[in-house]
Amino acid sequence: MVLYLNINLDPEIRNIFHGGKMHMLKQIDLNSDVGESFGAYKIGMDEAVIPLISSANIACGYHAGDPLVMAQTVSLAAENGVGLGAHPGLPDLMGFGRRAMDVSLEEIGHYVTYQVGALQAFATQGGFSLQHVKPHGALYNMAVRNTEISNTIAEVISGLDKNLILVALAGSNRDELAAIAERHCIRVAFEFFADRAYNPDGSLVSRSLPGAVLHDDEAVAQRVARLVETGTVAAVDGTEIELKADTICVHGDNPQALALVKKIRGSLTDSGIRLCSMGTFL
Amino acid sequence: MVLYLNINLDPEIRNIFHGGKMHMLKQIDLNSDVGESFGAYKIGMDEAVIPLISSANIACGYHAGDPLVMAQTVSLAAENGVGLGAHPGLPDLMGFGRRAMDVSLEEIGHYVTYQVGALQAFATQGGFSLQHVKPHGALYNMAVRNTEISNTIAEVISGLDKNLILVALAGSNRDELAAIAERHCIRVAFEFFADRAYNPDGSLVSRSLPGAVLHDDEAVAQRVARLVETGTVAAVDGTEIELKADTICVHGDNPQALALVKKIRGSLTDSGIRLCSMGTFL
Amino acid sequence: MVLYLNINLDPEIRNIFHGGKMHMLKQIDLNSDVGESFGAYKIGMDEAVIPLISSANIACGYHAGDPLVMAQTVSLAAENGVGLGAHPGLPDLMGFGRRAMDVSLEEIGHYVTYQVGALQAFATQGGFSLQHVKPHGALYNMAVRNTEISNTIAEVISGLDKNLILVALAGSNRDELAAIAERHCIRVAFEFFADRAYNPDGSLVSRSLPGAVLHDDEAVAQRVARLVETGTVAAVDGTEIELKADTICVHGDNPQALALVKKIRGSLTDSGIRLCSMGTFL
Amino acid sequence: MVLYLNINLDPEIRNIFHGGKMHMLKQIDLNSDVGESFGAYKIGMDEAVIPLISSANIACGYHAGDPLVMAQTVSLAAENGVGLGAHPGLPDLMGFGRRAMDVSLEEIGHYVTYQVGALQAFATQGGFSLQHVKPHGALYNMAVRNTEISNTIAEVISGLDKNLILVALAGSNRDELAAIAERHCIRVAFEFFADRAYNPDGSLVSRSLPGAVLHDDEAVAQRVARLVETGTVAAVDGTEIELKADTICVHGDNPQALALVKKIRGSLTDSGIRLCSMGTFL
């Protein structure tokens, strides 16, 4: 009976309740950006990747996605038992939300409200609830650099549904983000990028630098499993850094990306790690 | 105690519960389209008209409105005790949603879901709920001509929140609309256009015909009060037709329109008719 | 010297000037819709189809296309010696310009001006001129049903550059369209759809009817060559109808479509028919 | 006859041809942003301000304006003998083009090509040519901070029509801008903001600082006339700085702004300064 009350406990403590053996409860979430098609335009391989992940970041019509795509993607994710997440972006369809814009905190807050609300409606119609919110593209990167933006998004989420989890970059201002989430009575999921190199300080190596993206699938799959098991990862300079993550970001927009997801899943299974939607263990 | 269970009862029956005297409960709703500004573009006189009405139809970003405007308009309407309504339109900002488009029922349904959901989020953040949904412009007119569209919108509304009221044209397929609402377990509010002439069959005189819009404010105000009192109105050919309405559509986008709203309110007060949000008596 | 004055002469007459042998000058244009990608969204196989056609209908940003795509497509088409054409559509990116909208003639005229002007600028920057204008999707179909729309577009084209050719459906109001073009001092190119069935009156069999689209590539290729040679085609009921066309519409958005284009080219070559941009012989 | 050849001569030299008396040829251009309405949304007082200015910066549909508004504004400006200019902006209608976006030089170039081309078409249809191009809002400010952007825009303009004049901020990198214009064989017009305070280095005082905008209409009108007469202006710290301008930016979106334009015109007339479109003297 006690277990039902443990939902917000720290995983370490929960492990003790489960018998004190850390390896028994090793679990991780895999998230991927989906629902990015628009009108006649198809992007991504949603049908193939959704069965492989545990949480779906669904575009909400600003940088990608349209109402029909949102409806279909919510259905597809729900049928596969995948956690439903909103993936709000900047109002820049032409730039796919990848270009930073000089928007105010107020604008960001209202843009996120609008998009999350729109996606919630499709979830509600299907009898589902949203699990998480992950800012997209430039908005995500702006939030990494400016925690005021994360705070604004957390505030919005809190005002919509306190069960919604904010997804944020692991390694970037962990304590500050945890404090923001606590202040707004929501949970935060820290995210690790499977195929990105990390600096010794836990930040991502800029894409403009060589080696920013890892191309050895086997090595990527191994480091993901190792991260889940040990909470550490090798930085770009070889130093071992601590990086606790709740969810791993993977891609599903081409066959190579899908092959990597399958390899990561294989590596997790081999290590006895369970794949679970973030909402089940955070 | 019984009153709490009467929420869906027919007004006539409710009147009996209230004492059996019809005149005691004469009431009507006034609705107006608001929140139609967009970015740097201001349209309408929302600050002036909102205190004069009982239900607000708030644009949701497709034909008009943006997230900042939606947030402000929800606040303004709620502060004034005005019922919050979604005013979804076609995706045609350049045409203000006034141009019919050859969209499928599926597209209409998902467009309405998207827009109502987005507005719901702003209401939720303020601690409020939406009261009604009224299709805008060309979508409204398309629904008048094709009850399959009304059925689709009713289905969407029902899937989002069964407390939401669908606003539809009084005189147009009343029985069919009532059956649609009943089938989807929602309520329908029949709407009367204060300053529009009606054909003997209860349909609106086309705007392309002379006399379609009434310009004598005093007469308009009188016929509104008379409609509420008697459930009848004089058609364009002088014949008296039956037309029961729950809500009166008024405009607030220029000083003349505001003057008419005030005149209508005066006429209603003089006739002992109370102004109430539709959600309180339907 | 006489040849320079013959530019608007009927091909038959011109053939006589060229030596009186009909088969020497059999020629046809192949056109295809290209440049329909948008931002991160790729659609079509432009690199593959453009070398196979003689005239390119380039999207102009309303229903598809963006400035980067337009610049790239103009370059690609020009490098391949393909005639550059504007493919203006309705302002409906979400619907890919395929949904009829209740737009006025004035709106249509200005939308076409806007889009053709934008594409002209990319052509000008590369040192090229536009050859033709072909309305896209719903706008094309609206023009087929309503020659007032064709007249408006012709007027716009004439006001921009009298060398621009208007592309219109062969079989639909041929005489009326010729009169419209003459009135506005422009040329019209009549278009045949390679894989669409025709009614005995020269109109297209509606896509909602069975047999509207032909799927036997070999037969399609044969009828195209036959159409060019004889000016006739077999209608859906088997009757032989007269249908003179200047340009054949083909598709290039999937490998099957490309295979058909190649088959059509082969069939034309086998019949001694030259492929030429419409601007060279109209 | 010689005068016809002098069109590109330095004003000082031209004065000599005109008789050697500087005051005889004192002239200035007044420019204003117009054509910023969109669909049902009206902004600005174009009918009132256009007769008061000599050059019109016409929005091109990205940050403001639509094809109908562009057609009307081109007509209105041309009827008043006002120089027609394109006012291209960032693709951000919701933000009115006022929010900086992280766009590449290539994107900027193609966005400007698209918009200038679209406006050129409306001018062409009326039998007119465009006179100038002035980037709008955030794009203007980005160009002030980064001359590579000005270079890109100059290159685009040059590729479209070498008679087009680039409008740039006076005081900001004058020599560099002159070199850019010369490299691309176009002219540049330096612009002065009538009601903005200047730093001693010739840059604008940031709007976020007190005193950035001048509110004493009489003083504003006097400094404009003085600037034209002497080529100097008092900076915010009282020091007199040299600032040669070809065109003065004024506003016309409210009655106060219009009153200021009239005051400036009065002050110019009193000083014997003629109002001329920039294209006539640059």
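Per-chain numbering from 1; labels A, B, C and D assigned in written order.
We adopt the following convention: contacts are C-beta pairs under 8 Å (C-beta built on N, C-alpha and C of every residue); 3 or more make two chains touch, one makes a residue touch a chain.
Worth saying up front: this structure is predicted, and the values here are computed from it rather than measured.
Common neighbours of subunit A and subunit B (chains touching each): C, D.
Across the two candidate interfaces, C-D and A-C, the one carrying more C-beta contacts is C-D.
In whole angstrom, the spacing between the mean C-alpha positions of subunit A and subunit C is 47. Annotation: 41 Å between the Cα-based centres of subunit C and subunit D. Of all residues in subunit C, those that touch two or more other chains are 94-95. Interface residues of subunit B facing subunit C in the complex, by the touch rule stated above, are 91-92, 94-95, 99-103, 107, 138. Residues 38-41, 43, 64, 66, 93-96, 98 of subunit A are the ones that touch subunit C when the two sit in their complex. Those residues of subunit C lying in contact with subunit D across their complex are 61, 67-68, 70-71, 106-107, 110-111, 113-122, 124-125, 156, 159-161.
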